[in-house]
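Chain lettering (A, B, C and D) follows the sequence in which the chains are written, and residue indices restart at 1 in each chain.
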């Protein structure tokens, strides 16, 4: 019997330890697992590395983790959205470490981790600061940078619908980083708007097959 | 006005020249663009490089191209299905060149071409004949082989449904290599069972976005 | 000198977006280009967060909270549009499948290097987003920017002083003064906006320009 | 010596597939394993051509021509199954997301090297398919094969003489004579099938075995 459902956001995160690396899906306010992030904040493990495209706005989501000073390092492509006050404040204080990665390389590094690849050559960032200290190579007359896989202890993702095997389907542009993160982490926890019966998802619309997902939790309306 | 529909299989392939490299989607008998292959055979350009997972069975599909001696080289993972008599005959004669690639590396090399990557390190084939003559490297204690992108002049793919912008949706396991090939070729021609109106495809079930497709042809029932 | 307004700059660039193009518009002035593409041209807009076929702003009350563009504004999907994940979205960019990327710029060099993601202010956190991937991936990169900074310093230079986004990536520069093409021979002025002489535009530029064909 | 039939071999291996496993079964004898997994265990079968949740053979007349397994036989999809493309299918394998791959074998070495894709007959065209990806990717690789060749030669050897599929990849070998685990100390016999002595099995093997714990 395969049943990955967990009764609450809180229970789904009990084994997150201080110092864990946690991927968090979403882009801007789209496809973000807000309830899991809130549960992570309440869980209270600190010294976290947060791997996510943005660094939160206002007092919401990742911004609340920053405000509570649970985060040691942010790995992202765009930390500076309008209203990212907590990130800016901590950065100015020198209280947070930042690893900045071009967005396509960021997604591809996570895919490489999920796909068991050892690294890849990308033209992105060649000849720029992003290539400093990295191996570069000319291939067929074009410059490339060698990039390595990016994995994590946990991935927190959000889907529109999910079933008890962990199959996930997304709403419109809410997909974004969620599928690659689900592949790349040791333990993937999915927050779903709707928990559906096995067989209810169209097998051709499942964007994250259940094999990539360890735990599924229905939204509780806690935000 | 974007309209990628072409009236016939024949017209969709007029610019295939002798010596072209042609990707052909499908796995076994699933998701194979049989009508486009037949049109390619009738078109008659020879000296082709055929890039496809299998090498045809009986007198069908790729086997008919081999029988008509239009193919100089086959790039594939599994040429020797039951009934691949034409491939076996030509191979024994020394009349055909074979580049054998492990199936996952095969798909990933095409994806790399489509995604603009210069190459990737894969553990597949490390320590085997497949790694001979290739750069290898140990990364985090594991052996990897450097593999390069694989592109082509044309990709012939098959989908269940397609619209005039080239968006494609597939039936069950008919998807297989079709999406990566559509990304990897200079010109992608799609054979579709059903040509549907723009907007009829579920935007969350489009597995090949139209930007990867140049020509769309409805099946004519020519096989 | 005559300076185009941002709307006029966007309108000028929009004339050069051909029918049937796949286009990515950067945050800021570039997104305005969509408002000025001439009627009758089918243009499909790509958004880095996984949309092909970005449509106009939704009517109030009809917003889908997940359906936003790269600038995090609510958008719609046009008929024939579709969704995909970020890895595929950047495969589309990096793999050369988009025809045109319109990007903003801090600086462009004579060799077509682009700087548009970081200044030299170390205290201000840097943010790169998808700019580097777009700059190396699109078939043509058009930069839409003012010709000079607010305090009159040139932004088109022998070499960029700010950190680079990409090297040798810019095809054309659309400014409030002129349209300039990056060629092997140098920066070729292809159009001077009404009322501007070549000498005026050259004077506002930090590197040598080639005058338009007589 | 007592030799298990292929069905018995598949049945023996099936006992070691835990409830909740994601499993890929190779072409040939391995696919028979699915018939013997004990009732009450949920096992999800992966097929390299892009299926998770492969179900039984369809009733005649209900075949979907696109829905085949790696051996190109018609199959069905179980409730909760899904489809994806080949690149993602192999990402699943290579990325270590499948629990068990059951593969056939020509030869296995003392170090767990596997040879199962090519013999030394140069005239016969080679074919590799997904075997190499599976052998490096699955969390555990179980080889299901006869202990010796048809003419009685050992298939478990100091070193493989045939071209390798993967090096150091095999976890367990299930043969018609015994079950053998590849350990750092060497090939450990964990089970002798009824009627076979350790000495008999050792005699049919081309490398040194470690006897089962007394």
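The rule is short, and it goes like this: a residue touches a chain if its C-beta (ideal position, glycine included) is under 8 Å from a C-beta of that chain, and two chains touch if they have at least 3 such contacts.
Computed from a predicted structure; not experimentally measured.
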Other chains in touch with both chain B and chain D: A
Separation of mean Cα positions, chain C and chain B [Å, integer]: 35
Averaged-CA centre spacing for the pair chain D and chain C, given as whole angstrom: 54
Chain A and chain B: spacing of chain centres that average the CA atoms, whole Å: 33
Overlap residues in chain C, where contacts from two or more other chains coincide: 77, 83-84, 90, 93-94, 136-137
Multi-partner residues of chain B (each touching 2 or more other chains): 108, 111, 115-117, 122-123, 170-172, 175, 203-204, 207
Chain contact topology (line, ring, star, complete or other): other
Set of all touching chain pairs, with the criterion as stated earlier: A-B, A-C, A-D, B-C, B-D
Chain A residues within the chain C interface of the complex: 27-31, 53, 77-82, 87-88, 91-92, 98, 100-105, 107-108, 110-111, 122-130, 143, 170-180, 207
Residues on chain B engaged by chain C in the complex (per definition of touch): 1-2, 111, 113-117, 163, 165, 167, 183, 198-199, 201, 203-204, 206, 209-212
Contact footprint of chain A on chain C as seen in their complex: 47-51, 64-68, 72, 77, 83-87, 89-90, 93-94, 113, 118, 123-133, 136-137, 163-167
Complex contacts: residues of chain D adjacent to chain A: 19-20, 22, 40, 42, 44, 46, 52-53, 77, 79-84, 88, 90-98, 136-137
Residues of chain B defined as touching chain A within the complex: 108, 112, 115-123, 137, 139-140, 142, 144, 148, 169-172, 175, 202-205, 207
